[in-house]
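Both complexes shown next keep subunit A, but they swap its partner, so subunit B is in the first and subunit C is in the second.
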Partner chain A sequence: MAHGKEEKHALPFSKEVKEQLGGETITLCYQCGTCASSCPVAKITPKFNPREVIKLSLWDERQGILSGDAIWLCCSCYNCQERCPQKVEIADVIYALRNIAIKEGNVPKIYSEFANGLINEGRIVPLSKFVEKKRPDYGLPPLEPAGVEALRKILSATGFDKLQQKKEEAS
Partner chain B sequence: MEKVEVGVFLSDCGNQLSKTLDFEALLKHVKQVPGVALVARASEFWRGEGLKTLLEAIQGKKVNRVVVAEGLPKLSEVNIVEEVEKAGFNPYLVEVIDLKDHCAWPHRNTPKEATEKAKAMLLAAIERAKLFEPLEKLEFPALKSVLVIGGGIAGMQVAEDLADLGFKVHLVEKTPFLGGLAARAGRFFPTDDCAICIQSPASDVKTITHTSRKCVYRSGLSEIPNLNILTNAKVVKVEGVPGNYKVTVEKKPRYVNEQKCIRCDLCTTVCPVGVPDEYNAKLKKRKAIYINVPPVHPPVYVIDESVCKFHDCGKCVEICPTKAVELDQKSKQVTFNVGGIVVATGFQEYDPSVVKEYHYDEYPDVITNLELARMIDGFGPTNGMVIRPSNRKPAKRVVMVQCVGSRDRRWNPWCSSICCMISLKHAMLIKSAYPDTDVTICYIDIRTTGREHEYYYEKARDMGIKFVKGRPTEIGHDPEADLLIVDVEDAVSQRLLELEADLVVLAPAMVPPEGTKELAEMLSIELEEDGFFKEYNAKLRPTETKLRGVFLCGGATFPKDAPTTSLHAHSAAVKAAKFLSKGKIVKYQRTAVINEDYCGDCEFCPVTCPYNAINLVQKDEEHFVAQVSDLLCEGCGVCVGTCPVNAIELRHSRPNQMAAQMKALMSINGTSKPLILAMCCSECGHTAVDSSGMAMMQYPANVRVMKVPCTGILQVHQFLEAFKAGAQGVMVVGCKSDGCHYEVGSPTAKKRVDLAKMLLKEYGIAPERLEMFNMVFIEGDKFAEAARMMTERVEKLGLLRLTGAS
Partner chain C sequence: MTKYALFLGCTIPARQPQYEVSARKSLAKLGIELVDLPNMTCCAPPPLQSIDLETSLSIAAYNVCLAEEADLNMVTLCTGCFESLAMANALLKENENLKERVNKILSNAGKEFKGNKEVRHYLQVLMTDVGLDRLKKSVTKDLSNLKVASFSGCHALRPSALLKFDDPERPKIFDNLIETLGAKSIWYRNKLKCCGGLLRGYADDVALAIARDKIVNATKAGADCISTLCPFCFLTLDLGQMLMKSTFHEEYNMPIIHYAELLSLSLGIEPRELALEFHKIKLDNFLSKIE
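Up next, the complex of A and B:
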């Protein structure tokens, strides 16, 4: 492990995760791999293995985890969390890792676009002409613009918008 | 009242102590204390010439209270107490203090101050001794008979040991046959031979030498003269106290006369009722009249009353050649008196169906280790064949899954400790009988801690058993191919695997058997959080409970393998024998005493007493008072500290003795530093002070040590009184909160210290002047550090002046 090269942080990474909301249970992991065999994403790509994400976090591989793709591949199905015999809240640990990564400005482009969509239009997925055209076919009314003002207040109060700006400055 | 004449015996440890302490000054000081009739100095007083001087003084009635200042107090006190007792002197009139480890050695750099402290220590001991009262020696009956609950491997061994030692033993087993889980397991690691091997009983002297082992079925267990075996029976009531219990056992009817049955098996040939055989993993049917396997003990059939048609059928009655079947047998209660009780109730396999993703309920080919054990057993339902229960064809691919419901915080967080070895044993037994069978073990960690156990793991690898490091997420079923699929990640190769299997064997957790809680309540003993019985001390007294007279062995305290269970059973036998062998329990009345004039109608002390030694009894029509059992009371004093009206005292540590001691310790300073009183419990606290002295760790002589039985005895007002007596700081030194020798004393003391701090604040006294410390014997460094720290802290706070205090 290339500890020496990594940036110095006040806390070991495992402690930092443990103190983050959702990351509290990380140290309970004993690497049984139930999560890995439960994971639908791990079945189709070797890029994501929840057991490995936790192992490397516990080894304090901060840089590797935060700048890598793995934590963004979790599909939040919670299979692993339901079956973990140590009650590690694995999906929540991954959210905690994502939150740390976002603070550092590490967020994949697609998530950035989601966030912009939320701030600007109140929707993660932007409305497309295709969808608007299709709705009447299914007997659905046209979509009204979402109440962005109220949402913006919330996003501003929670500091979400600032996080997003920071990300944009970084990139 | 007789005149108090104190004899003070000062040992200088071969002039070692006089290098630091001015003995001439000490002798002079002691001589002028009122009540002191004799002062002597010698090299040592606990043996040799010194002891002779001491004994002569008490035998010649020159003194009636004794203070000894010794160098090796813990060792010397034992000897002095024994010797004075032999000389007809009550040992509770003797006070032994340690001028070496508590004074000369830790203050060797400040001899003048050390001498002043020694004066205070001697004065305190004298003042305390003056108030001593002799304690009475009590005797209680101890019947030389024992009840053993549970007829498994542990119960049988402990019963045999005690019966051979001459005790009358009643062995009660709830099922119709002896053997317990052990008999069902068939074979045991690490020998791979029968599970039910036990030492041969003494009765079988003709064929058996002491080096041979024998099994329960051939042992003649039933022939041991002192052993009364009650199968199909349950303990329903336990009354009385340690040493003298009255036990009621309900014996369910067997419907077959034990004396008449010759086990010819004709009854089963005519019995028309067939039910799945639970004992044999439901892999075969048995009749309503049955035995588990051919070799059982007792070798007598039993009728399953839940399915038998009784007089509507009666075929077994007709055919029985000895007229042994008695359909009119009734349940009966038997009572007997015993001195002690041994709990040997073992453990049971957890029901793995709660782990839904393994589908134990749903797929017949998913079985447990115990069910596989029945298959492997030659006497079992398949006569040793390993088959798929769904189609009864041989299983060619076997996958074993470890830690099912075990090491699992959703169910049972503990490691059941024996399942790795059980699975390795099964895997090897299958592989050696059917070498073309593919056996895979899915594990989280393989735990083979025990003699020859690692060799098992090695041999298993050598035999070609495969190991996958991973806990499966799901056991699936492919109906077309008719096979099971085990979904697992092998962390070592980082591969996701789908293992195909004919048979999946789960290794479920081992848990306390049903009825454990009820039994604990009946016996007034405690359970651990895991639901197993709680031992007195896991390290030193693993087969005893807090209640003298009740013992534990085998799996009743936690899952165990056969070797450990045997050790446990023998240990429990020795402990029970030690407790009862004299036929009486002798102890000094070193107990709590209630002042009935003050006591009334509160329930604090019976609830707080860690030994259930206090009961409330009717005083008059409307009022209750507490009553202490001298047999059960251990003399810790937690009740004293709890009592809101000061109605309880310890006979061996009266409040006036403690007050006199405290006042004397604070009456002489002689140092430039503020006086600090360290109230230390007699267990870890006081011995930690010893160990700091032994290692010559230095702390200032203004710190004075007062021994109390347990910090739990201390009341809030006593902390305040210490300040009133002149202490500028108070330390309370007890055992670690989870290691209190009286269980609740030290945590209770902590609460009282916190409360006292609040009061101090109200009085305008800095609460930091009072502090609780928790340490163990070997943490002498911690005590010395605490003493230095408190001194510095109190010095910074400045002089405390109390109005009205001298």
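Up next, the complex of A and C:
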């Protein structure tokens, strides 16, 4: 019931987040702060506070959230999500916010590197020739090839490969 | 022999052969056969979920499809891989709409997710296929001098509703498995808290401060080592101590040991067979406590 009520008053950005995979639960938040007190990052730096990220998103601060630093400072530990009394899937909401930011071309450098690794080799951590050569010395079998061809078909079906091109154009 | 498709992931073959060696040797000794399937890819962990969740779910499902086609359940060593694959597997099994959406994408790669296989972390395999009794009987080395600070990392435990690995606030499995080897699993402050590893590369200073807390707390509790399940936690805490030395001028020399390494040592596998030179924090003192 409360859910429906919130729905009626939801501002445009929270509706946009709700429609994004992972963002469905954002409007359930009642700002209790259990997330912030469970967050290992918020204990170290004032730049990130999950309750604030949700609050500003609900308050329609679209530009500030998508171009800011905060959404990239979640360490994805899921402590907040595990403890949220309202069952807001906070870590997933943050993925949804990051997914929207990326679509708008706001891509931190390290994420471009992950995406490139995936597209080129099917791995986000590149293999090392040195370690690969030593495998027989340790009695390890040769590495099986990665399924790059199948992967590229998936990336092209979801438009992931285009996201990466967009990033390269932007930079 | 119980057979599993091994999901190796990216970080282990690229940087941590010591994890792979110890896991393969110890699991073989305990009667678990690991099958290496071709054409697996990255599991699509949080760094890729951050870019696009739909793509990430599809990639995880694609890899589960390979195990389905081979008619095998899948086992992971890396906790990050466990989370991505087990989460996708559980989500798609319980959500028909999502499954349809992902299968539409997978059809482009000639795959269909059926949802008839399990994704397990190797600790679950030890619990269910080997069992604590048989494990205990297989131990040949005395680890009773060791005080071990277990650190399961985040993604074995959470999100617990999907992973169903252990109680996320009071987990017991990892500690039981350590004690079954004869070592003592000790309590330390903030034991379940994140290592900060996923912030490496974006906010290195924050990541290092979180990792430092872990090392300090385990040191204060008198641990002989921190035992890990995840190659990323390992890297953050092992290589991390080199960075703590250069950044904070603090030297802890806290050995970081994957559980599979501890298991291998307890089963009598010789240290020289375990590629231990890949550890940044040297293990000589630690090894001298085992006999």
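Everything that follows uses one rule, which is that the second predicted complex is superposed on the first by the 142 of 171 C-alpha atoms of A that agree within 3 Å, B and C clash if a C-alpha of one lies under 4 Å from a C-alpha of the other, contacts with A are read in each partner's own complex, and residues count from 1 in each chain.
The rule is short, and it goes like this: a contact is a pair of C-beta atoms (placed from the backbone, for glycine too) under 8 Å apart; a residue touches a chain by one contact, two chains touch by 3 or more.
Keep in mind it's a predicted model, so treat the numbers as computed, not measured.
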- Partners on subunit A (subunit B, subunit C) - clash or fit: fit
- Could you look at A:Ala42 and tell me whether it touches subunit B, subunit C, both or neither (first, second, both, neither)? first
- Message: By the touch definition at the top of the document, which applies to A:Arg123: first (subunit B), second (subunit C), both, or neither?
- Response: second
- Regarding the shared-chain residue A:Ile154, is it in contact with subunit B (first), subunit C (second), both, or neither? second
- Query: Thinking of the overlay built on chain A, is A:Val131 touched by subunit B (first), by subunit C (second), by both, or by neither?
  - Reply: second
- Task: Return the chain, subunit B or subunit C, that is in touch with more residues of subunit A.
- Result: C
- Task: Mind working out whether A:Tyr30 is in touch with subunit B, subunit C, both or neither, as first, second, both or neither?
- Result: first
- Item | subunit B versus subunit C as contact partner of A:Asn106, first or second or both or neither | neither
- Item | After fitting on chain A: smallest Cα gap, subunit B-subunit C, Å | 7
- Determine where on subunit A the residues touched by subunit B overlap those touched by subunit C, and list them. 79
- Residues of subunit C touching subunit A in the complex: 8, 10-11, 13-15, 17, 20-21, 24-25, 36-42, 45-55, 57-59, 62, 66, 105-106, 108-111, 154-155, 158-160, 168-169, 193-194, 196-199, 201-203, 206-207, 209-210, 273, 275
- Interfacial residue positions of subunit B with respect to subunit A in the complex: 357, 403, 407-410, 444-445, 469-474, 487-491, 494, 496
- Query: How about subunit A: which of its residues touch subunit C in the complex?
  - Reply: 20-22, 40-41, 44-45, 72-73, 75-79, 81-82, 89, 91-92, 95-96, 98-99, 102, 107-108, 110-111, 113-115, 117-118, 122-128, 131-132, 134-135, 138-141, 143-148, 150-151, 153-158, 160, 163
- Once bound in the complex, which stretches of subunit A touch subunit B? 28, 30-38, 42-43, 49, 51-52, 79, 83, 85-87
